[in-house]
Amino acid sequence: MTTAATTACPECTTPVSTESDLRLSELVECPDCRSELEVVATEPVVLALAPEPEEDWGE
Amino acid sequence: MIRAAVVGAAGYIGGEVLRLLLGHPKVEVAAAVSSRYPGKRVDGPHPNLRGTTDLAFCTEEQLDSYDVLFLATPHRATMKLLPRLAPKAKTVIDLSGDFRLRDAEEFARRYGAEHTRPDLLGEFTTGLPELAREQLAGADRIAAPGCMATAAILALTPLTDAGLIEPDVDVDARTGSSGSGATAGEANLHAERSGSMRLFATSGHRHEAEIAQACGVRPVMTATGVEAVRGVQTVCRTTLREGVTEADVRAAYRRRYADEPFVRVVAQRRGLYRLPEPKILLGSNFCDVGFAADGSGSRRLLAIAALDNLVKGGAGNAVQSLNVRMGWPERLGLEFPGLHPV
Amino acid sequence: MIRAAVVGAAGYIGGEVLRLLLGHPKVEVAAAVSSRYPGKRVDGPHPNLRGTTDLAFCTEEQLDSYDVLFLATPHRATMKLLPRLAPKAKTVIDLSGDFRLRDAEEFARRYGAEHTRPDLLGEFTTGLPELAREQLAGADRIAAPGCMATAAILALTPLTDAGLIEPDVDVDARTGSSGSGATAGEANLHAERSGSMRLFATSGHRHEAEIAQACGVRPVMTATGVEAVRGVQTVCRTTLREGVTEADVRAAYRRRYADEPFVRVVAQRRGLYRLPEPKILLGSNFCDVGFAADGSGSRRLLAIAALDNLVKGGAGNAVQSLNVRMGWPERLGLEFPGLHPV
Amino acid sequence: MIRAAVVGAAGYIGGEVLRLLLGHPKVEVAAAVSSRYPGKRVDGPHPNLRGTTDLAFCTEEQLDSYDVLFLATPHRATMKLLPRLAPKAKTVIDLSGDFRLRDAEEFARRYGAEHTRPDLLGEFTTGLPELAREQLAGADRIAAPGCMATAAILALTPLTDAGLIEPDVDVDARTGSSGSGATAGEANLHAERSGSMRLFATSGHRHEAEIAQACGVRPVMTATGVEAVRGVQTVCRTTLREGVTEADVRAAYRRRYADEPFVRVVAQRRGLYRLPEPKILLGSNFCDVGFAADGSGSRRLLAIAALDNLVKGGAGNAVQSLNVRMGWPERLGLEFPGLHPV
Amino acid sequence: MIRAAVVGAAGYIGGEVLRLLLGHPKVEVAAAVSSRYPGKRVDGPHPNLRGTTDLAFCTEEQLDSYDVLFLATPHRATMKLLPRLAPKAKTVIDLSGDFRLRDAEEFARRYGAEHTRPDLLGEFTTGLPELAREQLAGADRIAAPGCMATAAILALTPLTDAGLIEPDVDVDARTGSSGSGATAGEANLHAERSGSMRLFATSGHRHEAEIAQACGVRPVMTATGVEAVRGVQTVCRTTLREGVTEADVRAAYRRRYADEPFVRVVAQRRGLYRLPEPKILLGSNFCDVGFAADGSGSRRLLAIAALDNLVKGGAGNAVQSLNVRMGWPERLGLEFPGLHPV
Amino acid sequence: MTTAATTACPECTTPVSTESDLRLSELVECPDCRSELEVVATEPVVLALAPEPEEDWGE
């Protein structure tokens, strides 16, 4: 069984619901700003912005 | 089923009204007026309608009476048409600029001509459900806003309603070629218009007045024609009031549009389509709105919107207003979500 | 409501299947498989679906069982997927090239690889209602034809059915960039593909075999990439049999397509859109077909078709096949007529 | 320095003649005639010329006498202009269709009007150095061929000269919008023309007659407007004579164009640009030609050419003809190679 | 004749340097380096160069010594290449971002990496003749500015030099797809990039730092990808100092650029091309600059520039800098004026 | 009262329905090939192809 909790997106503060069986390093997506968030702690769940490949558009 | 008539039905907005009404489960298109094509099939100038209708254009004289009348005729011509056409329908929805502004003097300044029926201006309700849903429920004179104005208004409203920004706003509109209608002038020649980035208005665009009226801001507006047939994007450069944070902004947008069927908040950190962009909205009645604060902690905020000028910026918005007016489900006949890729 | 799953759901065809099924009144999208985006929302790669669904992708392993399964995966990969996925659904609709040809040797010649499951080829029905409506009614293995093949087949069928043309046919296909899928290769780089008129196949294109199989002609095919994202046009250069007149041709087209919901005969003498052209078909399931005889009295006849490769050339056609299979009204979920201008 | 005048100088071909002559080291542009813009600067309608000239348009009446006169005026109008303008210059180079055909009856059939000066047809030399370099050396009446004709002729000439193909040829021309000139008609409206694949000629196009005259083949021609401003591609579907191999074809092209400064043979097995494509030719006087035999051993051969309709298909070819006429190096003023990416 | 080498020669900027040098009367292209295509002809990746050269790529190791070396390699890679390549040439012209900023900390902030050779930053002269003509005369380390920065700098310089504007400037850049180089990523896929209006930078774009450094303003910059392959337009929203009139502005532009060979002041009241627009600049080394004051008497002023990012925004500007460095006529090899229509 | 009859399109032979009150020189449109047809006689109705402005596209 998994239960859902919520924690705030570190990028935009939107509540992100997290399953209780999340593992460390797992990636979740913020439903609002769509940031990729990494699980950096599990009890309680702490999310951090996952690093993103730089986009280089327009010189 | 109610019976609808469309005047200016051979034009781009008229054609889009036809497309939407022909697919609408509660509306019968009873008349489509064109002075150039009387007796000709509507699927001549609107080839996308082939196979969906056998309707032919009629003349204004052949009109009798209808439940709703859509005016898709040029500004300045429409204020002359309205008095003689209004008696033919219970509800009139005007898509031109003639009855959008409440102030006749502002009209004269913006449109370079005196309003011939200033007495009627007060009778009109703004045809934008996001702003005037309640008034529209009982409205029989509806004036749909301009395409670039609609985009800017929907981008700004969450901010002005919540008092988050200062009044000075720079509105930078980018538009496709269908915004100028089906008029073959040198400026719309494919070889000239193609690939252009043409600043055709550097200040004083008419839509400024609509934005000011709707949002209570002081807009200055530039408009650039870019390579596209359909599509408007407005980038509003605004200044946050002291102490307002990006989280406040995000919350204001979410709150304002939580229940809106046709406004989506798009302000993402990942992916190709992070902010509103019109290409994925072709044919759709969505207006996407988004925002971007300045990372560096300044008070600068971009408020961005995108829509299809002929749909949410015109015909779709008018049909949505009709749905509200009639008490029908607001999405009726407007379900097409847009395409990707495109 | 039936339950559907889509494999290859992050691709262009997969996204279009999702768009159509999400708007379909009798289908629930129960699963969308992607190996690249498991757990991510489908409106990430398909931003046009924002606001219409909260669906997220799953992995193949997470599939259970469904009423219908759409395969929108690459050719050669699909024949390996099918055996393990087919048990998960009553009806399978494959959009790849793997089960279109009935002859395994022809497959090997055209696709440069041996077919791994030639035993299954005979189980498949062609997913083109205009050709195989009756068989589709009871079909549970459906293979939708290729986009350019569909256009050519629909252009030629009235002529071949009525025995009006000689067997040698030149098929000149013009296509937009979405035909190659969401694969970022050098050839699909915007700066390279933009404005191109690229003859990427000068003979021997795979779709030749499908056209031959369906129409009994000897096609030779060229394919040119032109500036467009969506859209295929095929111009078939054919020769009329002795004594056949243009009136015979027109009558054959009219007769053949009189009751078809998604084929329109377009062969006009006036107007801008006299012959089939894909731009007014974006997002639409129509295939427009037309013809032009040589004024000079020669026996030359052009047979022309246009469609949106992702809709009637792919996902729309698959959904239409499903409608036929289920005994539903054929237009269900496919009502969008296309846009003009665009 | 010789003195040149251009009539029809406000049009697209006229503007291109101006661009090339203004950059030509041995020509002074002494007059540019326009009836719409007399007294106005030429860089008004031709904004690319800003900073390169202070020239203004004059009227036809203001012309005196010149070494060379370019006519960039519409067909049917030009045959009326020529008699009164020819005395004003030693050498006349006509870019219209009026003096291209040697046979007045063929002209009448193709142009829907009797030729008013059939007596002059015989005086003209074809302004295509690849065909008529020697005659051009002494020519004072030069008629440059049509843009699509030029492409088809340069694609076919190596084959017909070497006797490698049968006489029946299908010419499939694809063209950008500048081919119709600076005329704002409904068909050239950006919103209509954009993204089109419009088969505007299905047989009997005028350029057929030029191709027949130059190559001795029996061409049937289709022409499709595709998304582009500049650029023509012609795909000629031909049949090899018995026993002719692809190696013979390649050798014939190489031999025929070994010393041509402006024809490149492009028929590669690798890379993105294997066959001729106009986009990399914008502004350039190159015509790229190539071919593709049918792998399967049939006798089918595609002969393909691409050019910029306003340059090698018009103004550039005219200037090249002038260079030949004057005995100057043929590349003079025509060095621009084209762009990539673009 | 001097001998030149180009590193990064297979890329878009590298290809444009090759095009310009191959047409330059005083430069011989002695080496073109590519790691992907060693030994292959340069006209493979650069098909526009067919017929103009037989040059093949070499490896970095094969370089010997040259009069001038062009670096057309990515930022962050170039600062590592420079120390080992600089000894091979008297003059080095770098087109990357690595040596544009004088301040290593600003570099680290903007480029997300420590500068590996901050000691060399001071040796570089800005490769923009309009700003640094005199210094360039003796310069042997030249860093050409970024494409959007060049446009913004040329738009603003007349105003900042004359002290006409306040320091806060909003720079709104619009750019084609070639600005991202020949890199096939998802964002540059034709089907995704086509028709886009993508705000890919909403603040903090690297070019801000170059603009600040060159003009002494406080720029905030947004960048939007629009439908185009080549072309940059920057619209700078500025505020006039108290009392400054539009006439002052016009005079400042005229004065500042009176003798500049490659800057044209375009601020017209009539015609289709009233303000700078990149499409007529394809292939040209012109930068068009213009301005528009607010009619209403406010102090708002738009300063606008347009250029071809690969030419005046890159390779052309580098060649112009070389011409200045060598004391040659500045227009040498850069005469192509641009096209219209296009 | 008008009654409808049909006559063949001279361009494509498709039956074109014509009202009985058609007047000479009136224009009707063929429903199939969309030719513009001129009424050149009324009893019975005879239709002829109406002249069309030449289209000149592509040089």
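Descriptive notes on the structure:
Residue numbering begins at 1 within each chain, and the chains themselves are lettered A, B, C, D, E and F in the order written.
The rule is short, and it goes like this: a residue touches a chain if its C-beta (ideal position, glycine included) is under 8 Å from a C-beta of that chain, and two chains touch if they have at least 3 such contacts.
Labels paired with UniProt names: A, F = Lysine biosynthesis protein LysW; B, C, D, E = N-acetyl-gamma-glutamyl-phosphate reductase.
Keep in mind it's a predicted model, so treat the numbers as computed, not measured.
If you take chain D and chain E together, the chains in touch with both are B, C. Using the contact threshold fixed earlier, the set of chains in contact with both chain A and chain E is B, C.
Comparing mean CA positions across the assembly, the chain most remote from chain C is E. Interface note: chain C and chain E, two copies of one sequence, contact each other through mostly matching residue numbers (shared numbers exceed half of all numbers used).
Counted by C-beta pairs in contact, the busier of C-F and B-F is C-F. Each chain gets a centre from the mean of its Cα atoms; the one farthest from the centre of chain A is F. Distance between chain centres (mean CA atoms), chain A to chain B: 37 Å. Separation between the centroids of chain A and chain D, computed from CA atoms only, is 61 Å.
Per-chain Cα centroids separate chain A from chain C by 39 Å.
Contact with two or more other chains is made by residues 34 of chain F.
Among the residues of chain B, those in touch with two or more other chains are 12, 44, 178, 182, 186, 191-192, 194-195, 229, 270-274, 341-342. Touching chain C in their complex are the following residues of chain D: 170, 172, 174, 186-187, 191-192, 194-199, 202-204, 220, 222, 224, 226-228, 231, 233, 235, 237, 272-275, 277-279, 292, 294-296, 298, 300, 302, 304, 306, 341-342. Within the complex formed with chain E, the residues of chain D that make contact are 12, 15, 19, 22-23, 44-52, 178, 182, 229-230, 264, 266, 270-273, 280-284, 286, 288, 335-342. Put simply, chain C touches chain F in their complex at residues 246-247, 250, 254, 265, 267-271, 274. Taken in their complex, chain A has these residues touching chain C: 27-29, 31, 34. Touching chain A in their complex are the following residues of chain C: 39-41, 44.
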